[in-house]
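By written order: A, B, C and D. Residues from 1 in each chain.
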Amino acid sequence: MAYLKNIVGLALLALIMVFYVITYWLITRKKVMPKFRTLPGLLALDEIVGRATEMGRPVLHSTGRGALYSSGVGTTLASFVIYGEVARRCAKMKTELITAIGTAEHIPIIQSIAENAYRSENALEELKYENFVFVGGSQSSSNARIFALLEQRKPASFIVTGGYGADLCTLGGAGRAAGCLSLCGTTNTYQYPYAVAAYDYWLIGEDFLATAAAISKDPPQVANIWAGDLFRFLLVGLIVIGVVLAWLGFNISEYLTI
Amino acid sequence: MEMQEQIKKLLTNKTFVQGMLIILLIIPLARPLGLPIRIDQHSINFYNIIENLEPGTKILFNYIPPVVLMGDLVPQSIPVIYHLFSIAKERNIKIYFVGLSVADGILQLLDTEVFGTIGKPEDYGLKYGEDWCNLGFVAGGDIAWSTFAQNIRASIQYDRYGNPIDSLPMMQGVNSVADFDLIINCGEYNTMIVRHWGTPYNKPILVLCLTGAVVQDVEPFYRAGQIKEYLAGVRAAADYEKLVNRPGRAIASLDAISISHIFLIALIIIGNILYVMERASGRE
Amino acid sequence: MVSQDPGVWVAALFIMMGYSIVVKDNPFYRFAERTLVGVTAGVLAVQGLENVKKLAITPLMQGEIINIVPILIGLLVFFRISRKYAYISRIPLSMMLGSGIAVGMVRSIPAEIIGQVKGLFSPIPAGATPIDYLNLVLVPLFVICTLLYFTYTKEHTGTLGILTKIGRYAIAFGLGANFGNMVMTRTNYVIRPLQIILYKWLGIKV
Amino acid sequence: MGGISVLRKREIPMAIIFIISMIFVVQYYVKGVEPLDTLTNTLGNWAIIFSALAMGIGLINLIIIHGRKVMDRKGEWYFDAWLILIMLVTFGLGAIGGTEDPYYSFIFNNVYQALSPTLFSFAYLYMCTIAVQAFRVMNWDAGLLMLAGVLTMIANIPMVQVQTGLFVELKNWIFAVPARGVFTAFRISLALGFVLIGIRVILGVERGYLGVEEA
């Protein structure tokens, strides 16, 4: 006999979907466009690619590691979206782009994103396949490989997005020592302090995941982020009520585990 | 002014700072002072939980420290496993080692680092298949964790040494995580353990974690009651070595740890003094 | 007493070559770097192969023919090498992505959203001191302010502005604690190779 | 671009993602449908197999990039030749003899287990390098960050712990109250972020990731 489980979780998911429908309806039908908070890290993309163009040196983008079947794949996808933007800008400015790829299964995706970006700028012949560097799949081997790339190719800008561990700090320090303008984006809570300390620009946590929507300004994307915000306010309300009730001696946690 | 610039140049010089640090660490490692230590409350609680285990407890021990992080994880596991082994025989405690990780699993560490240091389980009178077993490595993130939790035989048919798991006497009647009494994790993915093994089956979890993981991965779960107790890093390993009265590498590395902390704090303070001086001279 | 084990010699030499980049880029470091990249790729490929053996090849040998399917689909990824049929390589990739994204989505709700929210509902303990009362208020306050800091579609002004400002400071403070605690873990990263050199290779007894 | 080629380039991967992810979503919320549980387990195992086979693309990439340097005798080509050689040797030994093969174990224990932590440890070395410049008290945020950081560091020094329990108490308070609050919120917010990006991907709103051509 089939029956539902994890009902509270399902209800919350359904609630987000309901918010999504409402916000989408508001944006497309009622033309209510919410104002997007600016993310400084995002505005820096132009500056980062522009600097490399001016100096006539390449941009190095490390796209992170992470299996596509792992539950943290959202980070990897957000990294791919930013990579697409960087590739497009590089193609437009005729700036060389070196890509350090951390996980083998990303290679096909990265290559097609780059092909697509270069094609849309009519610069497909500029794309050099030897610039897709597979860095070996682990933190240490990617450190080793990227140190060497920084020494040998002398990039002017260094972008580090996606799934990282402790190497986020290492790469930032190495990038700074090599005189690069750097941007990082990650969702790994361990690494936030280093993201802030070792890089010139950063996108951390949800900021990074919301980037794609902030770039595109596409109604379905914006509606999605807006729905998330509404849900956030609801959650804050729930926390306030729950905490006060708990102080008064009523614990509502039992009702949240069905 | 000249001097300020020179100090700043020296302290931001990669070779100087990194070389200096390596030399500063080598000295105390080669000649540790062996200063007394203060045992942390978490270590005492952890010790008491293991010490007071009920007879017949079945422990699921997820042992999968990644190679790069073993410096912080392996030293703690050595005294803890030693403690478990030394009480296992008389209390009939059964230990099931398994290694669930996302992609890279290095099971050799249990043999080389742990058994190489404290001796094989057989030396403690434990018999393979009856008192302890090693179910081997399972790859695959969230899905692997939840499959294993629901039905062990769906994700594992053979143990690490190639025996069918049904041939192990201690696996009889053990079908899912619900059949264990205690979960210990020594590895990176504490969140996964809580999410798939602990919370759904309401099992107590003990965690051996990275010091750096405490704040974000362990404390929130510990405060919410989803993790029962934790040990963190080499610091806790030294405590535990003291508690089980078996001094090892962790105690010997404490001086180096002190030095590295003091070095970094000094760098930060000097950096800030230089910054204040720069600003002061800039205002003139 | 210096070690007689050739393995320890190899390990120690590679460690020293790896650290030689501290001084400057040199051929020894480049040799170690290429070795590491090569060995890592090899090791990961072997681990992958072990997984394939365990999950598909062994059952296939035992006559479960269905297990040929994932191998065939998985091999489609090699179509990436052809320019013309590169799109075929997306089939296995999107299958992986579908599982990852769905699992990440549904499972994070109970464990991370509900579980964490629930953990905040703590009753006032008996015999609470003023500090306890303060903490009881502060924890949810910091949670709320940090949560609100990640609002995108509303300007951070007015009440929301004040709350997000508290959130900002709380984040800075929390990150600082995290950073300070991380130093310990990271020191151990350095200690480990040095221990191999000192204890295993040079044979220093402590 | 003709209609069919667009279809095969864009709609098929999106349809696959939608179907597969819905199977997982439904399986998670509906209990008691046996085939669904088996199906998700099988798909999960398949994903691991795909990922393992995709590692082959990584090996090919390395062979192409470094092989080209060897062919052109460019720069230090002998190092590139060595990379390919050691990679193939490691893989060959492990593939034929398994992970218990003595030669594979030799490489694993003495090369991989030595070099990997060495390069990894630069995380700390570089942290010290940037410490002088990066951790400056330029504003309130940075000040609070440094205050909490330095307090925690002092509390973690074993020598200090023996002398006084004050810093440990302080550290425990920081962990239990401000840090706990912030990281609880990070966890919630990240989970929400993952749910949102999940919805975007499953519904096909987010397209930038597959390198799919614009119609």
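Rule of thumb we're sticking to: a residue touches a chain if its C-beta (ideal position, glycine included) is under 8 Å from a C-beta of that chain, and two chains touch if they have at least 3 such contacts.
Predicted model only: the values in this text are computed from it and were never measured.
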{"item": "Two chains sharing the most C-beta contacts", "value": "C-D"}
{"item": "Chain located farthest away, centre of chain D as origin (C-alpha)", "value": "B"}
{"item": "Intercentroid distance (Cα basis), chain B paired with chain A, Å", "value": "30"}
{"item": "Cα-centroid distance, chain B relative to chain D, in whole angstrom", "value": "20"}
{"item": "Interchain centroid distance [CA atoms averaged], chain C/chain D, Å", "value": "5"}
{"item": "CA centroid of chain B to CA centroid of chain C, Å", "value": "15"}
{"item": "Overlap residues in chain B, where contacts from two or more other chains coincide", "value": "14, 18, 21-22, 68, 70-71, 103-104, 139-143, 211-216, 220, 223, 235, 257, 260-261, 264"}
{"item": "In chain A, residues with contacts to at least two other chains", "value": "6, 9, 13, 67-72, 74, 77, 104-105, 107-109, 111-112, 134, 136-141, 144, 147, 166, 177, 189-190, 192-194, 196-197, 205-206, 210, 225, 228, 232, 235"}
{"item": "Sequence positions of chain C contacting 2 or more other chains", "value": "18-19, 22, 30, 32-33, 36-38, 40-41, 44, 47, 51, 77, 80, 87, 90, 93, 96-97, 99-101, 103-113, 116-120, 140, 143-144, 147, 150, 174-179, 181-184, 186-187, 189-190, 192"}
{"item": "Category of the chain touch graph - line, ring, star, complete, other", "value": "complete"}
{"item": "Complex contact set, residues of chain C against chain D", "value": "7-8, 10-12, 14-15, 18-19, 22, 27, 30-52, 55-56, 70-71, 73-75, 77-78, 80-81, 87, 90-109, 111-113, 116-117, 119-120, 135, 138-147, 150, 167-181, 183-184, 186-187, 189-190, 192-193, 196"}
{"item": "Chain A contact footprint on chain B (complex, rising order)", "value": "14, 68, 102-104, 140-143, 212-213, 216-217"}
{"item": "Interface residues, chain C side, partner chain B - complex", "value": "19, 22-24, 44, 47, 51, 99-100, 103-104, 107, 110-112, 115-116, 118-120, 174, 177-178, 181-192, 194-195, 198-199, 204, 206"}
{"item": "Residue numbers on chain A that touch chain D, as the complex places them", "value": "1-6, 9-10, 13, 16-17, 20, 67-69, 71-72, 74, 77-78, 80-81, 84-85, 101, 103-105, 107-116, 119-120, 129-130, 132-134, 136-141, 143-144, 147, 166-167, 169-170, 172-174, 176-177, 187, 189, 192-194, 196-198, 205-206, 209-210, 212-213, 216, 218, 220-221, 224-225, 227-228, 231-232, 235"}
{"item": "Of all residues in chain D, those that touch chain B in their complex", "value": "37, 40-41, 43-45, 47-48, 51, 99, 105, 108-109, 112-113, 116-117, 120, 124-129, 131-133, 135-138, 146, 149-150, 153-154, 156-159, 161-162, 165, 168, 175-176, 179-180, 183-184, 186-187"}
